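Think of it as A, B, C and D in the order they're written, each chain with its own count starting at 1.
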Amino acid sequence: MPFMPPKEYKTEAKPIWCPGCGDFAVLAALYQAFSALDIDPTKTVIVSGIGCSSRLPVFVKSYGFHTVHGRTLPVATGIKLANPELTVLAMGGDGDAFAIGGGHIPHAARRNVDITYIVMDNFIYGLTKGQTSPTTGSQEGTGHGFKLTPTNPHGQWEEPLNPLAMLLTYGASFVARGYSAKPKPLAEVYQAAIRHKGFSFVQVLSPCVVFNKTYDELDAAIIPLEGKHDTSDFRAAMDLAWDTQTEHLGIFYQKERPTLTDRMAAIGTKSNPEQRAGDLSKLIAKYR
Amino acid sequence: MDELHHIVNDVIVRFAGDGGEGVITTGEFFGLALARSGLDIFKVTSLPAEIKGGPAMIQVRVGEEPPKSQGSFLDILVCFNNEVYHLNKADLKPNGVLIYDPDCEIDETNADATKIEIPLTEIAKKEAGGALSKNMVALGAIGGLLDIEAELFEPLVHARWGKKGEKVIGNNLAALRLGRDFAQNLKHLVPFRIQRHPHKGAQVIQLGGNDAIALGSIASGLSVFAGYPITPASTILEKLAVMLPSFGGKVMQVEDEIAALGCVLGASYAGYKAATSTSGPGVSLMVEEIGLASMAEIPCVIFDAQRGGPSTGLPTKEEQSDLNLAIYGGHGDSPRIVLAPANVRDCFDLTIEAFNLSEMCQMPTLFLTDFYLAQAAATTPEPDLSSYEIINRLRPTAEDLKDYKRFKLTESGVSPMAKPYDDATFYIATGLEHNEIGNPDISPAAHRKMSDKRHQKLQTAIDYAEKKGTFARQYGDPEADIAVITWGSTEGAMQEAIDLAARQDLSVAQLHLLLLNPLPDQTIFEFIKNRKRIIVAELNYTGQLAQRLRAALNIQVESFTKCTGQPFTPYELLKQIMFYHGWDTGQSEPVLSQIARVQKQRQAPVPAPGHEGQDAAMAGAVAVSRI
Amino acid sequence: MDELHHIVNDVIVRFAGDGGEGVITTGEFFGLALARSGLDIFKVTSLPAEIKGGPAMIQVRVGEEPPKSQGSFLDILVCFNNEVYHLNKADLKPNGVLIYDPDCEIDETNADATKIEIPLTEIAKKEAGGALSKNMVALGAIGGLLDIEAELFEPLVHARWGKKGEKVIGNNLAALRLGRDFAQNLKHLVPFRIQRHPHKGAQVIQLGGNDAIALGSIASGLSVFAGYPITPASTILEKLAVMLPSFGGKVMQVEDEIAALGCVLGASYAGYKAATSTSGPGVSLMVEEIGLASMAEIPCVIFDAQRGGPSTGLPTKEEQSDLNLAIYGGHGDSPRIVLAPANVRDCFDLTIEAFNLSEMCQMPTLFLTDFYLAQAAATTPEPDLSSYEIINRLRPTAEDLKDYKRFKLTESGVSPMAKPYDDATFYIATGLEHNEIGNPDISPAAHRKMSDKRHQKLQTAIDYAEKKGTFARQYGDPEADIAVITWGSTEGAMQEAIDLAARQDLSVAQLHLLLLNPLPDQTIFEFIKNRKRIIVAELNYTGQLAQRLRAALNIQVESFTKCTGQPFTPYELLKQIMFYHGWDTGQSEPVLSQIARVQKQRQAPVPAPGHEGQDAAMAGAVAVSRI
Amino acid sequence: MPFMPPKEYKTEAKPIWCPGCGDFAVLAALYQAFSALDIDPTKTVIVSGIGCSSRLPVFVKSYGFHTVHGRTLPVATGIKLANPELTVLAMGGDGDAFAIGGGHIPHAARRNVDITYIVMDNFIYGLTKGQTSPTTGSQEGTGHGFKLTPTNPHGQWEEPLNPLAMLLTYGASFVARGYSAKPKPLAEVYQAAIRHKGFSFVQVLSPCVVFNKTYDELDAAIIPLEGKHDTSDFRAAMDLAWDTQTEHLGIFYQKERPTLTDRMAAIGTKSNPEQRAGDLSKLIAKYR
């Protein structure tokens, strides 16, 4: 494929998002990153779940799989497993990721499957109209955009989860945060994440302007990490993740270790040599 | 061979002992030896609840023709200890042969049996290095009693324990010899010998149902297999984990069944053949993704090794009760293929068709094997791999790629599926209703046309099946007034029952279905024409296939079911055939639940101990709980 | 009231506009005002794909008798802008009344209509504080045109915007007045007025389907509700989240549907009535736990607000296609109750029966409401709470507790269920097959007896339903040769079609089923006796109820289905009735998929735009995608 | 109920476990703790999933719910939600907890539902015969009992999860570890866990002697925390959890914060007063 400028990654489908939705910027930054990395749409797959954010693949020129709610990571893992040559991205919302899909994240991370997982965190369920998400702020002030939602009209009773601390704990080999209102650094984080060999996780703060408008709050809380932080220092990354007053932006942690593909490739040599030829008749003959 | 004895051609031998006594090995060696000597065998095993110890049994049926089922009653019962004697004693034929360790307190259940006491433990302890060799003493003894050449057993000892060193081999060989020697003086008591003949033409192999599925998958070109352990399916995953990598495939145990099917759908979307294996609880969890596969038209094969349900149910018991789930499991109308093998050979051949149909129709295929097949093993001719047709999914041509429409409306309902990386295009797959391109479209016309497309592919599957002619099998008297329809591992027992009935001039026609959705309707309509009674016999409570036939074909059929966690025996099916022919077989009143009553359903009674009660006793022997 | 006009008794008015134009409020106020004036109303709405903006519509049908459905064609169409005009224009009766903003470019589709142009936007902008008041201008105008008292509308403005301050109220009241004033000069153009009469005896309320379910649950004694948002079920969870705590109940949004049903089973095990709500994708995920509830005999109610399937499907469209999943979803044979309401009132009354049957039979109950009911609202007499029977589960007596057996075998299949903390005993509930105590037991006898027990409870449910007589309703000519069977929200449209057909002397009998599993078999057998044709009409592709009737009752029925994401209109059902009576109604050839063909199924054709094409146009107006 | 000595909590059902299985000690310690806390069997529910370990409720005199694989926590949550007076325990294996059930843990923890969750970790799937679990040791030496399992016959490709670090990250308000070979301290940890108001998590190292015999390895790795550690120090608890060379035994972290029950009770006051009377007719009349 010849080089494609960012806007050429746009499809004809018009985003259904509300004017002002953070996801527009998330998408635009992705076009930027794709163009910068010279991504070939015919060799790339974007997998998503269900949610406003999960509509994203429909708007990008590339193979796409808009799966069911919460199953983004297993499907993306299967694609990469089948063909490690493909560039595989997984995308979705905070509900898709941390509520219904939360059981799959630890395993994708510890497997170090070489995909890029971008979670568009708006601290709310957008598509279903404003219900509580696992990152909705609590009464006690933890997290962002505390509000009484249609499903918690009298109060919140759960502490929000800390996505970055979780991903670090699970063993993700690349952990970063971006913000839709800062599209340039966001596109850069994407590039690093896609380039990273292994499981990369990017939390993008991407406000829902209809059900949980958090721009002001976030604008006040962000601090870019830029250079101040050693991305190989796990403990420091953890401390930054636990600094819940501040939304540090940038790469928290990055470490190369064998990917699932690497390890799978390695076992070829361990299998029984007489089977290695792949001769099924010989294998069957063993059952005589 | 001793000329004083009957030569018989169909012998059922059961070895019963504790898990820790190595009784399964005795049976395995016995079967393997006779198989290698040119006979056909059929083997079922039953393991205990406890990981270590607890009553286990292995039953080997041997014949010149491939046995059709595990059979009804035992010709020979070998008991390693008193507990298992009492669990198994009722299954021996009245005039059968009972071989037992002196530990057993034989009672009048077996008053008419030929009783042969052999001090298995004592011999092993005293002269063969310890109690562990008991199982080889038993093997030697039965070899001696039946005049089976010692040379058939010895290589098995070397093969199994070769790596354990001289001492272990020596002990086991000694045990074999000592058992044989002891039996020499008693062999006149056994009134028959097994018919033996030189090796058949075709090379024969001995396969378990799950082995056959694993090998069939490899033959089909499986690339990615993701699964989660569950009884009785785990060994499919485990065998593939060992074997598939050397064929360039990838196998992964994942975090749960939802992840397993998710991975499979991803791999298949990427253009590679992919499958998973599980049992009922896992299929229940996969239901949402099965619908996604149906909607997004993604081929995949799901092996469901059925066990007793519902819920955790009876994890180590036989049942055919996931048919409803396989066909109807999913919100909305989500077409899929459902197949069920009847025997170990089907587990190989039909697995290939499972991939074929799935790839051809770009649709999920559910393959309903069961506990019985998963633990059974049988001899079968070595498959000629070149004789199988392997079907791959339709890919876009260069022409198609010019204006690529993933979900193009076609006559067959099948449209070309692009492969990422290899096909220079892109498209979106989605669980939302969509247009031909794949973009979301929930207009009335889109929904109607795409629903038609998805269901049209069922007709494509039927056309293939009817043309191939291997997806339904008939047996018995084609002209009979009484007709039975079966599915799954019930086929063989029914065939045996039909043979037994024929001896009494009671004729029955059998149609056995391997393709359960869509139904090969022409074959079925042809078969049921002019019958007086049509009965569907199956192992579940509500008569799931009977219901499906009525539902899909708008026909009326009767239902006969058994739901005890045990397979049908030929004998109980024979009784049922006699009943249909107007004989009074002393059948107990079937329990009439609402559904049963409305269906005019007949259920096999709970078997009582005694000579008709093989099941009750097996139940004792197999009261296990691996889940 | 003007004596020059016809007085009509059944008027269908649709307001079409953009989400941002407040068009839904116009319709809501219009309905509310007329309802409070003593008329019955039936209201359906359709929201856009976009969160903000995008075409929306609300349709209000008004009459002296409760309208049975949304109807077929519009008497009055009010269009806020040109885009929605084109989306909705085809649904207006040829001689209907079209009210529109000058933005609309009216074409010949509505050549014969009475056309009334009202500068909604202009008036609002110029004299009522801005474009936001446009919707109240429209309301004032239609009030003026139809001679509806202004006093009916004004209190609604105060109630809605009371907290927003004087200015907002002032603007909206001004808009109302200005619209009315403008319409005064044009009202002679509208050839009819709505029949009005003093308030009926019983107090009337106006309820949405999901409101009714929430209130019915509270009336049943619901204690714990756990759910996960999904269209169109979310508002059940949301309404209960607001209301239940003050009744001492607990409501929790949890991490997914599996957790939701898990919580519900826990709460019910603890002795409290518990329920969840979801739509098809959620039910698919709950299948394993539904089996657990069936096996461990735990009452629970699952509200399934059906939408178009399969998979993510058509989240904001109408379909009745989860029946298979509701009945058959689960591995093994796992009995459960399945109910479906036909209208908003059923959503209250039948919800109470859902809890009753679940508690009585200690079995999961699936309650199949649908998108149509979820978004519809209607007037209904205020329920007399004292008239409802509330059934609670059987608890052990002191006698029972002496030797407590949780799964004691009884004639009805129901055994006393102990409540932790309150009942001084303990027991284990398990998904494994078990004995009467509850301990794991996978023997043949245990499995058979417990299977009987679990299925026997279905008969207990049938007995209750047949005795109560409210689980099936008949309509039309009881002697008719042609009989139709319906379920869910199709009832009303079919009743209207039957009334329309009767005017042409075409007689039809209707049986509407509210209890879908187990089936009230005696009622059905009685109803189908001596019919020439029995047709099951439903909104799915494969004819799921038709298939179920055949399967369970071994009877033959025809199937007529529609699968476009739209409800039946009385008009298209009338056409079908005419067809059954031998009239040529120009029906297009039904598409014959395999299953359809085998079932001799007839499908409604995809509606084409034009005056028969209400659906196609509605589809445009409602091309939404909330999932 | 009168005081019951430990052995009176035994039911007639004989455990199906293999001789030497760690779960026997887990059970015995539970009898001890129940007796010490004077637990009333008629007011206690033990919930479990599926696995060798999950059979435990069958052997304890108390209400019990042996659910399906991985659903221990939602069911236990529902029980506590319905009747906060009940003592609720949840128990299961490492597969039940961290594989199929992994998605539920973060939410039970952040909700701080007042139950005690005991995971019998044997680093393997016992009941299904020895397959890899999320805590099975890796080739690289992380975790315990690295082995080639039937499902990973050629090699492992996943890093084991760190249960304690995960639970701390999720916000569990009580996090501890015990060892089946040290039944006395185990019974003490149980007592503290059951007494703790809020979500308490206990990882019990409980070897599977058939498929992953790790006694020797564990014996060498354990160090009791006893007194040396401030259980209110979250960061210190994290450091201990990340010390993967050592199996520290005892309470890592404990902090009281409002439980789900507390928060639910609090909203009573927030609901609309005229509804509070619970008068359904009045509520219905609002729909006039």
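Definition applied: a contact is a pair of C-beta atoms (placed from the backbone, for glycine too) under 8 Å apart; a residue touches a chain by one contact, two chains touch by 3 or more.
Source: prediction; values computed, not measured.
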From subunit D, the most remote chain by mean C-alpha position: C
Between C-D and A-C, the pair with more C-beta contacts: C-D
Computed distance of Cα centres, subunit D from subunit B, in Å: 38
Gap in Å, rounded to a whole number, between the CA centres of subunit D and subunit C: 43
Separation of mean Cα positions, subunit D and subunit A [Å, integer]: 30
Interface hub residues of subunit A, defined as touching at least two other chains: 50, 66, 68, 99-100, 102-104, 106-107, 134, 154, 264, 267, 271
Touching two or more other chains - residues of subunit B: 242, 245, 252, 255-256, 281, 288, 292, 296, 311-312, 430-432, 440, 625, 627
Residue ranges of subunit A in contact with subunit D within the complex: 98-104, 106-107, 110-112, 134, 154-155, 157-162, 165-166, 169-171, 238, 258, 260, 263-264, 266-267, 270-271
Residues of subunit C that touch subunit A when the two form their complex: 49-52, 227-231, 234, 237-238, 241-242, 245, 251, 253, 255-257, 281, 311-312, 625-627
Complex interface listing, subunit D residues touching subunit C: 13, 41-45, 47, 50, 57-58, 61-68, 71, 73-83, 85-86, 103-104, 106-107, 264, 267-268, 271-272, 275-278, 280-281, 283-285, 287-288
Residues of subunit C that touch subunit D when the two form their complex: 36, 203-207, 211, 215, 218-219, 223-224, 226, 242-243, 245-248, 250, 252, 254-256, 258-272, 274, 288-289, 292, 296, 382-383, 385, 418, 420-421, 423-432, 439-440
Subunit C partner contacts - residues on subunit A that touch it in the complex: 16-19, 50, 52, 66, 68-70, 99-100, 102, 125-129, 131-132, 134, 150-154, 210
